[in-house]
Amino acid sequence: MYLLLREIRDRPLLWLLAFVPAVFVAQKLRPEAHAQLFVLSILAIVPLAALLSRATEAVAARTGDTVGGLLNATLGNLTELVIALAALRAGQYALVKGSIAGAIVANTLFMLGASFLLGGIKHHVQEYNRVSARLQAGLLFLATVALLVPSAVAEADATAGAGYIQQLSVSLSVLLIATYALGLFFSLKTHREFFGSAERAETGEIAWPLGLAIATLAGVTALVALVSEVFVESVQQAAATFGMTAAFVGFIVVALVGGAAELASALSAARKNRLDLSVGIALGSASQIAPFVAPMLVLLSYLIGPAPMSLQFWPGAVVMMLIAAMTASLVTNSGRSAWFVGVVLLVVYLIFAMTLYLLPPPLQ
Amino acid sequence: MYLLLREIRDRPLLWLLAFVPAVFVAQKLRPEAHAQLFVLSILAIVPLAALLSRATEAVAARTGDTVGGLLNATLGNLTELVIALAALRAGQYALVKGSIAGAIVANTLFMLGASFLLGGIKHHVQEYNRVSARLQAGLLFLATVALLVPSAVAEADATAGAGYIQQLSVSLSVLLIATYALGLFFSLKTHREFFGSAERAETGEIAWPLGLAIATLAGVTALVALVSEVFVESVQQAAATFGMTAAFVGFIVVALVGGAAELASALSAARKNRLDLSVGIALGSASQIAPFVAPMLVLLSYLIGPAPMSLQFWPGAVVMMLIAAMTASLVTNSGRSAWFVGVVLLVVYLIFAMTLYLLPPPLQ
Amino acid sequence: MYLLLREIRDRPLLWLLAFVPAVFVAQKLRPEAHAQLFVLSILAIVPLAALLSRATEAVAARTGDTVGGLLNATLGNLTELVIALAALRAGQYALVKGSIAGAIVANTLFMLGASFLLGGIKHHVQEYNRVSARLQAGLLFLATVALLVPSAVAEADATAGAGYIQQLSVSLSVLLIATYALGLFFSLKTHREFFGSAERAETGEIAWPLGLAIATLAGVTALVALVSEVFVESVQQAAATFGMTAAFVGFIVVALVGGAAELASALSAARKNRLDLSVGIALGSASQIAPFVAPMLVLLSYLIGPAPMSLQFWPGAVVMMLIAAMTASLVTNSGRSAWFVGVVLLVVYLIFAMTLYLLPPPLQ
């Protein structure tokens, strides 16, 4: 417990935890102040996400390489998953899909671009291991192709009933999760020598005892879930207040909020000239959301959603994910980076954000 | 003749030749049993295709490097061509187009993926020459772009008359065949040192005399033509019986049946750690169908078809061919492979197959 | 002045300057002979463009590396810009957009392809520096993504008013120009060592005094502007006479005429086995038009056009630009070339030209 408090004292980002009780108080006192609740819940989720990823790593560090790798690979995007589950239970499928697509795009374009830019401003040319970057870009490309299929079919054939799309979505989800599991087997077991898994450990942080780590993981997850409820309830009316649509909020706001902690780690690694780590965080997260988190949500929608959710996305989101996946492939091909590469990635992200902000299209 | 019999004795695949007379007997006795005729004719085509590719190679081996290369390049997909011609004569253009698109996708995704997977299970990391892989991936990409144009034009401009599409298809066909011929000139004449053409010969098989080889080539081609007639006649009603559409049958069944012999060679080479050969067979076949077999069929439709055939494909087929060509480019870029790369390719193929099976779109 | 005359005497291309007065005489005498005026103005623009790029380089050579690089980067496509401005003032937006898309495609496919082919016929295998080729292909890809967005939005959402598209186009234009400026800062300032900028100078030409260079630049720009007026006035009726559409004229004719001088330089460099220079001219020009010339024209349309021009292109043009950008990325990835690579690029260009010629789609 003392370790946890020291951690909070040393990382200014965690001071935002003060907003967690503020959310619950505000919700009790003024449940109709959607705009304030929206802002407060965002401010509360950011430090919780940081704490969550710290706890996941602490558990992973205590459980050996393979189990730890598995934990990181399944719980690495726990914040995004918990927020999406809250939206799923509320039946806000546009928000869920927007946040999936947004997280993929934000990780491959914004997080990677910002890492390249910040790292490149300090270091003239940076190099990184491209073997694992390639595997992740490949998985991401595969998953994007799979996510594209139901939308393309629905587009091409107006007579295709929703039942067909749903059946296709479930089959694709099972296939994607199986492929993701095989990918883990590949990178954690048969070909682990290509993936420097040790690298993440030596960040000089104080090791947490397993008990504290698991307790933090459980407690913080519960808190994220509670704050997410408030967030999801307030999002629609708050977005309207700020002149934004559910598409923009899901695509940009949720994605950036859910990934804030990872973003901080990736940027700090890039400035320390450890670009391998930055690229690993950015692409690792994206290549986990597309073939694992997204299909899990489709399957879970049968258990907790008001109706089954499909993998059919708004065409623009599919195009954006495809462009993001292709850009990631092209960029990581060379294994070298300079600041302008980061600018190009950030500009592509900005173009997408601007398009969504200026002209909100009817997202599913 | 003795050589031919010994060949048949030594390769269990060729025992399926017993189904060839069975097809003709069954057609005489029960011409209305479409489902049985369909299955029998598939079982008969597989060994005939194997014998055909063996005979082509035997003739090629006897006629020197350049002529042999030319023969391999023009007769390498003779089975697919003969089946497509039977469908062309019957006016079944959906089947023809489906089998063209299906053969390209099956070769680049299924054959390449299965080779990488089987080879990778036995060998940790495999390397292969990527110069010729790149040329073939490039030709394939070019041909896919050409095949995409008429469909895109028809899509974009509903007022574009069928006459325009047809004129465009013929011009593109002539252009593609000319490019294919220049590509042969490049790989067989001016830059042959980059393409290890000798490699295919030394497979330890007994050399056939030229007479036997040519006689086998002619005889087996005739048999394939006869069996194909039965196949094409029975396919529509048989597909309906099995709950499949012409699109699915053309795209998956015809493509896999026509390429079964090459698939066997590619897989056996991959297990022997001769991945150069596997990649050569898979991409070589795809990069021959797209810029040579497909345009030949368009031109031949003027001679033997009931009406001219265009290059306009169902949009989904174009997307699948494009994704296959792009995937082949990305994958062969590194010249290295491990089992998971094979899994990714196979999953993309499975996604396409599943999409076609679950929701049969209106193919042309 | 003597230097200028000697230059004209030594370069047969410049003898076409005789057509410049011919255009003005013809316009006075027979203003209604559109077909003749069209041909005459094309013949007059070609040598003027050559002189213009010679003068730009002469000024650049006198003003030091950084300022010279800036000049080349902003005035390098002055001819295309002046023609486009004439069309802009006349409100011929289909011609403007066609010439932008056409210039990008012509530079990446036709100029690069012809260089690879002509160079490859003389030299077996040619190598070139791929670092700067990659930066330019990257910028081009980025700009193409940006140009794609307004068209995709307009396509996806029919209810999107023209106002939205216009607002989006202006924002994207500002963003692209800023990115282009950052790219210049990168290649001329922070990472100049990767970009062999000295290379262009040592072409053995006689240095011009600064006064002559600036006077020529100013005078020839004025002449190009005057001839462009005639060209734009005559183009519509002349195209109809020759059975061509504004789309085809803009996409093919204007692009090739405006780039004729650069084409001559690129081809001559390729034959001298200086492929670095050819690739630099071809991709440099394309990656200048997409993120600089095109957005400049959008912004300038507010000042001199009859109405604001958007970045919305005819879908086919977007597809062609995307394929051109992707092909450039794939091809320049290896840094090696042989004649068949050139054939493939030229065939893709021919396919596009043929499609536009056979079936003129409604551009704009």
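Note that the chains take the letters A, B and C in the order they are written out, and that residue 1 is the start of every chain.
Here, a residue touches a chain if its C-beta (ideal position, glycine included) is under 8 Å from a C-beta of that chain, and two chains touch if they have at least 3 such contacts.
None of the values given here were measured: they were computed from a predicted structure.
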Interface residue overlap between copies chain A and chain B, same or different (over half shared): different
Rotation, 0 to 180 degrees and nearest 5, that superposes chain A on copy chain C via CA atoms: 120
Intercentroid distance (Cα basis), chain B paired with chain A, Å: 41
In chain B, residues with contacts to at least two other chains: 333
Residues of chain B that touch chain A when the two form their complex: 124-125, 314-316, 319, 323, 327, 330, 333-334, 338-341, 343-344, 347-348, 350-352, 354-355, 358-359, 361-362
Contact set on chain C toward chain A in their complex: 134-135, 138-139, 141-142, 145-146, 149, 152-153, 156-157, 160, 164-165, 167-168, 171-172, 175, 179, 182-183, 186, 190-191, 329, 333
